[in-house]
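Heads up, the next two complexes both have subunit A, just with different partners, subunit B and then subunit C.
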Partner chain A sequence: MTWSENWRRFRKNKAALIGGLIVLAVVITAIIAPVISPYNPDDVVAGRLQPPSNKFWFGTDGIGRDCLSRVVWGSRTALMVGLGASLISVIVGVAFGSIAGYYGGIIDDAMMRICEILLVIPSFFLYILIVSIFRVRGPEYIAVLLALTGWTELAKIVRVDFFSLKEREFTKAAIGLGASDIHIIFRYLLPNDLAPIIVVATMNIAGFIIMEAALSFIGLGDPTACSWGIMLSQGRQYIGYAWWLATFPGLATFITAVGFNFLGDGLRDSLDPRLRGTI
Partner chain B sequence: MFLLAYLAPGDPVTVFYLSRIGGRYSHAELDYIRQMLGLDQPIHIQYFRWIWRMIQGDFGQSYIWNQPVLPLIRSSILNTLRMMIPAFVLSILFGIVTGVISAAKQYSKTDHIVMASSLLMWSMPWFWSGLMAIYIFSVYLHLLPTGGMYTFGQPPTVVDQISHLIMPVLLYATSGAGFITRLTRSCMLEVLREDYIMTARMKGLKERVVIYKHALRNAILPVVTVVSLYVSYLVGGAAVIEFVFAWPGVGRLAVLAATQRDYPVVLGINMVVATVVLIALLIADISYAYLDPRIRY
Partner chain C sequence: MTEEGEKLLSIKDLKTHFFTERGVVKAVDGINLEIGKGKILGLVGESGSGKTVTALSIVRLVSYPGKILNGYILFQNENLLEKNEREMRHIRGNRISMIFQDPMSCLNPVFTVGDQVAEAIRLHQDIPRSEIEQSVVNIFEKVGIPDAKKRLKEHPHKFSGGMRQRVMIAMALSCHPDLLIADEPTTNLDVTIQLQILNLMRKIKRDFKTSILLITHDLGVIAEMADHVAVMYAGKIMEYSDVVEVFSNPLHPYTKALLESVPRLDVETRRLRVIPGTVPELLNPPDGCRFSPRCAYTREVCRKEVPPLIEIKRGHSVACLRMNDIDTERGDNNV
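So, the complex of A and B:
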């Protein structure tokens, strides 16, 4: 299957294309944030709680900072958390899944028990526990926490696929030729399992972004950070008289999550037709 | 699974260790408090004492509320369940119905709309939609209360309680329904490819009978499996909803305790919630036997 064929299928899927465009827009926003944000996100530029106007499109927050600038800069935090957490979870999950799937037997059993334990512990309460004990509140710590509890799904997928890939002729041939385990995993097995990994990683980004916003929202984030969740938690305090405070950062979170989810959904359809329509 | 019970208390060691790094009190006061709480003992003694007491149902004293942890958790868990169970039932019913419809008419317009909207529901930051709902229905339209479980200073009536339940339950249900819809659809599609579905159709059975009687019954099993695996995730979602609507449930208690460093409460909640999740998994395991007669214990 060639990449141009994938691209052709991807282009036909409207939802996926929209998702891709949204993601592209968010990424560009994050990159050129200093250029397009009208004010410095941390500067007090006007009176507090100004409603949206020509000068401040999204209004101002509880201490008079421009909400539009903060939403724009918040995209950096969101992307950093989403992409960072997803990258870490891919590394951990794929490593874990490959070892379990390739070696099988007792190693596999032991590793899967670890996975199950992680799956059973309510990760949300675990975050609360860890955040409260270690007082780590910055977005970068939250990203690591999210990744370290969010890799199990990937590990399971890779493991199951390795079971079947291991039995294929090309793997048998490689084993017969005396290739090392590392060589077989990286050269023969992983490249054939790229599609589901990419799809799950993309959809995980959306989940991680929402989780970061949720944790910041309930007061476990760094209150000085410029993040959508922090803005939302401030918006909650003023929900009675300043609707704009909560509306725009929430909308930004929602749109970004929709973008990544639609993109992931479309990627699955185009990269791997066998998975078409599965969850 | 039982390993979990041993794993979770691994944390209090660190917890107690860190809580020694003081606060605003003088050293003498701190020493006194430590003695009172038994924090002057070596770590391993504290640890075993903690486990031993927990086995006996004693989770220790809350630092802030100054009362035993267990009653605190018990009352808040009941409140959580009061919100979670109706929401859970709603989202499962809704998710399964839409999922089946969508699978029965694969690639139709209905299917595309259902799939897109379920993905939208899934992407919704549910705490944000909660805030928006509060703004629209409570602040703007004055239709529903902003939060809490009942109105203060009024005798608790059924109507009053239901009006407090509507928003959290509906929001919580929508956040889960999108996921269950997609799950049901993919399980249904898998089952619909099986030979016995073809047989049923060739017998001349109505399409409705084939879908609901033959296909759904077999598709429901993997749905139960996956949903039960995500129970722990759903509990976390409930915590955020509770926080938005000031619902006095276990998630809100955990957040309050965490922000005020009340470790016995946070730890106790972790243990209790993990246990509840394990019980939920057990129930799911048992329900397989009912759903699939091939499985016998």
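So, the complex of A and C:
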């Protein structure tokens, strides 16, 4: 169960490696977007609806902006929403699940009911409701919104894992040595539950990126933002004669989501002891 | 129940019951025990006789639905049952330490063993970071882990069972506790390692003047190690005495039966004796003497009256109504 052993296992897994490389490529693209994008994504650089050519690889959109530049810059939005929402949901979900799982009893009961209330509300309608009531549209708001309902799965996972981890002998031994609650949670329970948390958080990123695209597509995003979902929705009206408008941002979304899913799967195979059959 | 020397721990009339859905399980039902300073008390009994619950009661770690109902536990003249959780936390690991049965699963797999021992020290002592490693090395050397400096940087999975038990003992001893509770410390180890661990515990007792509550079902271990022995059965103490007395002159029929069921090389017997039946279910303990359904000497009175633990001679107590008769009478229910 060492990290070098996990890395070796991970390297052997082809899909995981491909996923990792895709994610790496997307991250690098997002970081160096100003350097690699040929034009400013918001500038009108040519006539409208130019098909892909040597000058404009992905063509131009309805008002004459370069699609390639917009797809490149869109990776920033996608990653920000995906990573941001995942980070928030990890913090909230792990904190929530830890408290419920460690203390159990009435505390656990109350907290799980809160979880379930969130789970039974169709999240899409909740998003639409919140966006239309509060008129918040930027990608950062979407990240918070997605995390708002996305943390429940993590909370449930952490909670059940804590139930079993706190009964393990090493935890009991630590309590016998006079360790405090906080100490037990941070030194004994969480570190032993890191693998599933990492796996679920990675898989969630893919889901959040797709959700962001979907929300933007139905018009809940910021129409001026450079986002794949927005590009998709704006390209929809031209789909009959300007195929490139929706195709490239769609592909970008798809490839990124597949990358995070492969990565998550690979991490699960190499990290999660329950699927490996040994501990 | 008196003994010479100063007492470190005395338990009076301790009752720990478990309130389950099916009823009340009287796991520990009014026991008295004493441990002298620097002595080893062996607590023997079959599985399910309440040995571990007794140990957990001392450190107040009986988990739900268990509850300590009655009695007091005097440790260095303080009643542990009156302490709050914070005070108990300070006592655990610091003044009373526990080591457990299964060393394979008692260490946190994600940290190095050195980290874990250092942590046990830091929990109770204010030692500067720079000196901690040295004190960990010192403890490792004391418990006989070779190449301590290198090994403390390794994770538990690189250690064998015996070595892990040494690490556990190192953690338990890191704060020089006055009492070490060892719950079947050698049960899961093979015999040669068992012997090493037992020798180590004897050395600890000698060097640190640590008292040890040694819980086991292995009478051989008791004979090797203990100064005094308490025989426990179904939540009650059946016999209590110093170790020589128990092995040479057992008075309770249960103790006798236990001793007869141990294979011996020096006495020629055809078959080992077994005690018929099993430990009673503590949801519904038998009336009267709890051993009466399995005892070879049971009479009507045994099924009605609960025998008190009576000191028959200095330092030797027995809880049997018929112990004066059974020397002259052979057991007739036994095969």
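Basically, the second predicted complex is superposed on the first by the 274 of 279 C-alpha atoms of A that agree within 3 Å, B and C clash if a C-alpha of one lies under 4 Å from a C-alpha of the other, contacts with A are read in each partner's own complex, and residues count from 1 in each chain.
As a convention for this text, contacts are C-beta pairs under 8 Å (C-beta built on N, C-alpha and C of every residue); 3 or more make two chains touch, one makes a residue touch a chain.
Keep in mind it's a predicted model, so treat the numbers as computed, not measured.
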Subunit B and subunit C placed together on subunit A: clash or fit? fit
Original post:
Counting only touches as set out at the top, which of subunit B and subunit C does A:Ile31 meet: first, second, both, neither?
Top reply: neither
For A:Leu21, select first, second, both or neither according to whether it touches subunit B, subunit C, the two together, or no partner. neither
Which superposed partner A:Ala246 touches (first subunit B, second subunit C, both, neither):
first
Subunit A contact check, subunit B vs subunit C, more residues touched by chain B
* Using the superposition on chain A described above, determine whether A:His183 touches subunit B (first), subunit C (second), both, or neither. => second
In the superposed arrangement the C-alpha centres of subunit B and subunit C open, at the centre of subunit A, an angle in degrees to the nearest 10 of 100
Output check: A:Ala174 vs subunit B and subunit C. Expected answer is one of first, second, both, neither. What do you get? second
**Message:** On the A-aligned overlay, A:Asn192 touches which partner chain: subunit B = first, subunit C = second, or both, or neither?
**Reply:** second
Closest CA approach of subunit B to subunit C after superposing, in angstrom, is 21
Subunit B and subunit C footprints on subunit A meet at residues 279
In the complex, subunit A touches subunit B at residues 15, 113, 116-117, 119-126, 128-129, 131-134, 206, 210, 213-214, 217-220, 232, 235-236, 239-240, 243, 246-247, 249-251, 253-254, 257-258, 260-262, 265, 277-279
Residue set of subunit B touching subunit A in the complex reads 1, 3-4, 7-8, 11, 14-15, 18, 106, 116, 119-120, 122-125, 127-129, 131-132, 134-135, 139, 182-183, 185-186, 189, 229, 232-233, 235-237, 239-240, 243-244, 251, 254-255, 257-259, 261, 263, 266-267, 269-270, 273-274, 277-278, 281
Counting only contacts in the complex, subunit A reaches subunit C at residues 1-2, 168-170, 172-180, 183, 187-188, 191-192, 194, 279
Listed in rising order, subunit C residues that touch subunit A in their complex are 59, 61, 89-94, 97-100, 102, 105-111, 119-120, 123-124, 155, 157, 168, 171-172
